[in-house]
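Every chain is named by a letter (A, B, C and D) in the order it is written, and numbering of its residues begins at 1.
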Amino acid sequence: MLVVMHSTATQEQIDNVVEAIRRMNLTPHPLPGAIRTAIGITGNISAVDPRTLEVLPGVTELLRVTKPYKLASREMHPDDTIVSVANTRIGPGTFTIIAGPCSVENEEMILKTAEFLRSQGVRLMRAGAFKPRTSPYAFQGMGQKGLDILVKARETTGIGIVTELMDTEYADAVEAAADIIQIGARNMQNFSLLRRVSQTRKPVLLKRGLSATLEEWLMAAEYVMAGENYNVILCERGVRTFSDHSRNTLDLSVIPPVKTLSHLPILVDPSHGTGKRDYVPSMAMAALAAGADGILIEVHPDPDRALSDGAQSLDFAGFTKLLDKLRRLAEPLEKTVN
Amino acid sequence: MLVVMHSTATQEQIDNVVEAIRRMNLTPHPLPGAIRTAIGITGNISAVDPRTLEVLPGVTELLRVTKPYKLASREMHPDDTIVSVANTRIGPGTFTIIAGPCSVENEEMILKTAEFLRSQGVRLMRAGAFKPRTSPYAFQGMGQKGLDILVKARETTGIGIVTELMDTEYADAVEAAADIIQIGARNMQNFSLLRRVSQTRKPVLLKRGLSATLEEWLMAAEYVMAGENYNVILCERGVRTFSDHSRNTLDLSVIPPVKTLSHLPILVDPSHGTGKRDYVPSMAMAALAAGADGILIEVHPDPDRALSDGAQSLDFAGFTKLLDKLRRLAEPLEKTVN
Amino acid sequence: MLVVMHSTATQEQIDNVVEAIRRMNLTPHPLPGAIRTAIGITGNISAVDPRTLEVLPGVTELLRVTKPYKLASREMHPDDTIVSVANTRIGPGTFTIIAGPCSVENEEMILKTAEFLRSQGVRLMRAGAFKPRTSPYAFQGMGQKGLDILVKARETTGIGIVTELMDTEYADAVEAAADIIQIGARNMQNFSLLRRVSQTRKPVLLKRGLSATLEEWLMAAEYVMAGENYNVILCERGVRTFSDHSRNTLDLSVIPPVKTLSHLPILVDPSHGTGKRDYVPSMAMAALAAGADGILIEVHPDPDRALSDGAQSLDFAGFTKLLDKLRRLAEPLEKTVN
Amino acid sequence: MLVVMHSTATQEQIDNVVEAIRRMNLTPHPLPGAIRTAIGITGNISAVDPRTLEVLPGVTELLRVTKPYKLASREMHPDDTIVSVANTRIGPGTFTIIAGPCSVENEEMILKTAEFLRSQGVRLMRAGAFKPRTSPYAFQGMGQKGLDILVKARETTGIGIVTELMDTEYADAVEAAADIIQIGARNMQNFSLLRRVSQTRKPVLLKRGLSATLEEWLMAAEYVMAGENYNVILCERGVRTFSDHSRNTLDLSVIPPVKTLSHLPILVDPSHGTGKRDYVPSMAMAALAAGADGILIEVHPDPDRALSDGAQSLDFAGFTKLLDKLRRLAEPLEKTVN
């Protein structure tokens, strides 16, 4: 449910409505807009008599949100969300590049990659310290040591850090190290983990599950937002289908419905989406043209010796070439790539 | 198998090899290239002693083609195929627009659409006279009358005609009316129909089946090419997955592997791919950026009154706007839209 | 639409209603039942004033059929359809075995198989004279010669013949040779072929398409029934999914909804469904327990030397063992296996 | 890797090998068999010189396990695993019924259901205290109070308890309350959770993920077994496909490959698999015939008033009827239902 305030409503009137909602044991979510403020309400609304709110000073109207996701819906939040982080703004007008290796392998390669990325004007680096691996016997990431290396990379180069959180146990450590906390595809419906990151103050990059419908994905975002962390960034990374020409089926067609139904920014991960280095540039270009807000892309100083995902990582030269192409393509689309 | 001729081989030597292949009860497919000619061989190769060919004058070497598709493979035909039709060339450097209504409804709307498309610089119009419909009780198309209207549209406006053939019975009629014969997704593995169109002299637009792997699709193209009709144009139109945000899941990620494995041009049908008008422009843009050779797109003078597929058709204004965007996007990609 | 006649309606009254429907340019489908006759109507019903029929003598009521498929729906035909063919009855109380090799390879193996099957009490043999093959270079079946061999097998052993029709060109030949005409999965939406077999007087075994929804499948059956061939037998043979442990994903879960929504018998093909001989018996047993009306199963005298589908064919000993198990399992289910 | 001991090897010799493996920083998994003991080895085997083990007294041979899953593979453990729990044995010869409501709603309904189930000879009850819900606003389960009710049901009726663990935080509480700990489909690749339950001493029921391949599923089991909890019970509950006639596509065809590749018992959940009450009995019967070791099935005293999953729950009468049918079907299969 959405309480729309008058354009002339005072802060006191807004606070008053917020307070009234809290007294009903519901959660108010103030949503300041260009012209007026609205206040989203979540919780068990069925028992509430809406007329109690309608009569409060400054209230224009009460709107019912028809989608099962509320805070994530464009119905409740008509303006695009812009996530400000690491000196950049993820959202309209910008095509954000988050690049880096699959996993933190050692300090040298991370610093090298961070410096390279900064030299290319990239502001966010991805790299995993905790790795979700299909096999219990595979390399599981460097853990806390990996996080320390990432922090050092930020301190040295100024690059923002995007890294995955796999369990609640390490939530504080990852929150401290990361500028954006990544939730992996296999954890998209790990509801405990979603609730935990809703309690952090860092933006959350939420990958789409391998067989998640758009509604389930937005409901997962809703778990984070219901805990009052509104900075959710969606990331399409390929879904499971019968198709075998690539590792997953990258679903670029989800971009326009995401933009219609939600106000959240959406990135695309062409590296996991295709699983093959040669197919990554085409899909990165397509993501830009389709209206995505950026890409999450694997770049490694020496892909053929990567501890994980080498086959889908670009080397520095390949990345530079792609970045150049993206910048030229972004011009007629009136977007800035960084 | 591929017989590679010397760059200095004479036409007589080439003819001699072709003749030798025929005598083995195999089918020779001469493939002239920029530097040298190669001759593909199809048929039951297992029983042949390749040394018989290796010793012929002008022959450099014999290569085994490892893929199950031969004529459709880039191994056998390294250069991109360019299909010349209706004063345009489908292939590298061009982004070809094939636009028009789902079905021929009457003469007026077809002429109106054809004139509009020509005024926009579009050279090929799509429209179905025979419609594959899920229900036996639904409108099945105007049939021969529809073909006559399409012929009239070509005569009047000079536009090229793309129309679907659904059964061998109407093959002659459709061949006479069409510049490009379309094979629908549901008929991608209708092998009798593929064999029949391999006997026509018109290019074939081969839509991907709803759950076809890339290999099956190229094998379907091979059916057409094995009958010596080499002008096959592939068309991705969405596949069946669990995903429900659009009518089908448009698989743009198939474009780079098609380009790697085959030399055939590939178009994208964002109208059937998404099933929703609002999502069509983004996917058309993405197709261009991903490296497709064009789009097949539904445009109707009055979509809300269309007899079929109205929900996924653009009106003239919407199409003009998209065309303008595509032309601007094509510039940095060094492609011409027409 | 369904015209329900009075239980006391005379044949003359029924004929009169049938005639009235024809005069409206619609198709009447008389459906005699245990207590009363109903008359299904197909065609463009929208333009008809139903009151014209309601007032005719012997008419009780007019019912609207809500599903898009009419003749295939249980709404219009509440009793199970029983297909009588080759001295057996496919439908309730019977678990019908249709066994045999993938393709007719030569006369000897067909006669040997037919005799073996008859000795086991099996009444229907499957074998393809025309084979739909992914590759144009693969064995395409023996064609008319294969049909002749099948006819000889029937004459010699009395076994009923189930064989596939791939194109309208051979419809007469296949109709003459077959007791049941099979439509393959890849042709489930080859609407021309469906229309053609609706004109034959032989029952049609309609395989489910590789990615067909249940509604699309029943609509395909409707194409056959709309042409007044009411003897359609459905056959589930596995669908396309991400799952890679078997060749296709055998969807046994489609059986209960088929029984709810339709009156048509449904068989299961565990050979194509799994693609692996070792998995076939379990799935045949499961099909019986799930309520299927029979199986279509590949049996070959020497599977390891089969020209096609050897990996999924049982040998005679394996088949005998399975048949014995099926017969024991059928007892508590009160079904007869033959 | 697998160390096969001589049939005459002494316990001392076995202990000696176990010790030697530990000294290599690897994990030994003694696997006593009918004739001889084998010792599985997991960990980073690549660095080990196998000859060091081959020469130890009592060792016959070292075998390489070719599958990526080791402890879960039949290669390493040829005999079927039998999980003994709550006075029953899940495995060969038994068809185990685990029945009960989706969630613990209150004490009365749980006690009523437990008593009913015990009266029917059922030994294990399912019911969720923690519920994974797509929406953050939906009923999330009674939590610890729910667990207390389940414990009371066990104490009162003697029924064994199967209940879901959703996060590591409640692992001790669920371990204390449950006889079998359930891991839900959405958590199949929640590797932290898998590692945590590998540390409990209770059997683990591991549901297949919505789009998990068989290999990924067995790798998830391997996570549990690698932590030395060998009592893993697999549970198929339907996968995501294009098919829309049921909530999920129940993949019974996974049963034979599971039995071939692994020694673990496998159950089937026809309630989640179909999502519709009417389809549940057929699928339960099919699961039995296909070789499953039991079912997990939703039964509720008053399904139409259930707080969750009412549409797929049987009432007591429906369950009794199904149980009777299963028992009759189990006879020719030589299995006992309980």
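Assume contacts are C-beta pairs under 8 Å (C-beta built on N, C-alpha and C of every residue); 3 or more make two chains touch, one makes a residue touch a chain.
No experiment lies behind these values; they were computed from the predicted model shown.
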Co-neighbours of subunit D and subunit A - touch as defined: B, C
Most distant chain from subunit C by Cα centroid: A
Same vs different contact residues, subunit B with subunit C, by half of numbers used: same
Computed distance of Cα centres, subunit B from subunit A, in Å: 38
Inter-centroid spacing, subunit C versus subunit A (mean Cα positions, whole Å): 50
Centroid distance [mean C-alpha coordinates] between subunit C and subunit B, Å: 35
Of all residues in subunit B, the ones touching two or more other chains: 211, 239-242
Touch-based graph of the chains, sorted into line, ring, star, complete or other: complete
Subunit B residues within the subunit C interface of the complex: 42-44, 68-70, 132-137, 166-169, 186-187, 189-193, 195, 209-211, 216, 219, 222-223, 226, 239-240
List of subunit C residues in touch with subunit A within their complex: 211, 240-242
Contact footprint of subunit B on subunit A as seen in their complex: 211, 213-214, 238-246, 249-257, 260, 273-274, 278-279, 282-283, 285-291, 325, 328-329, 331-333
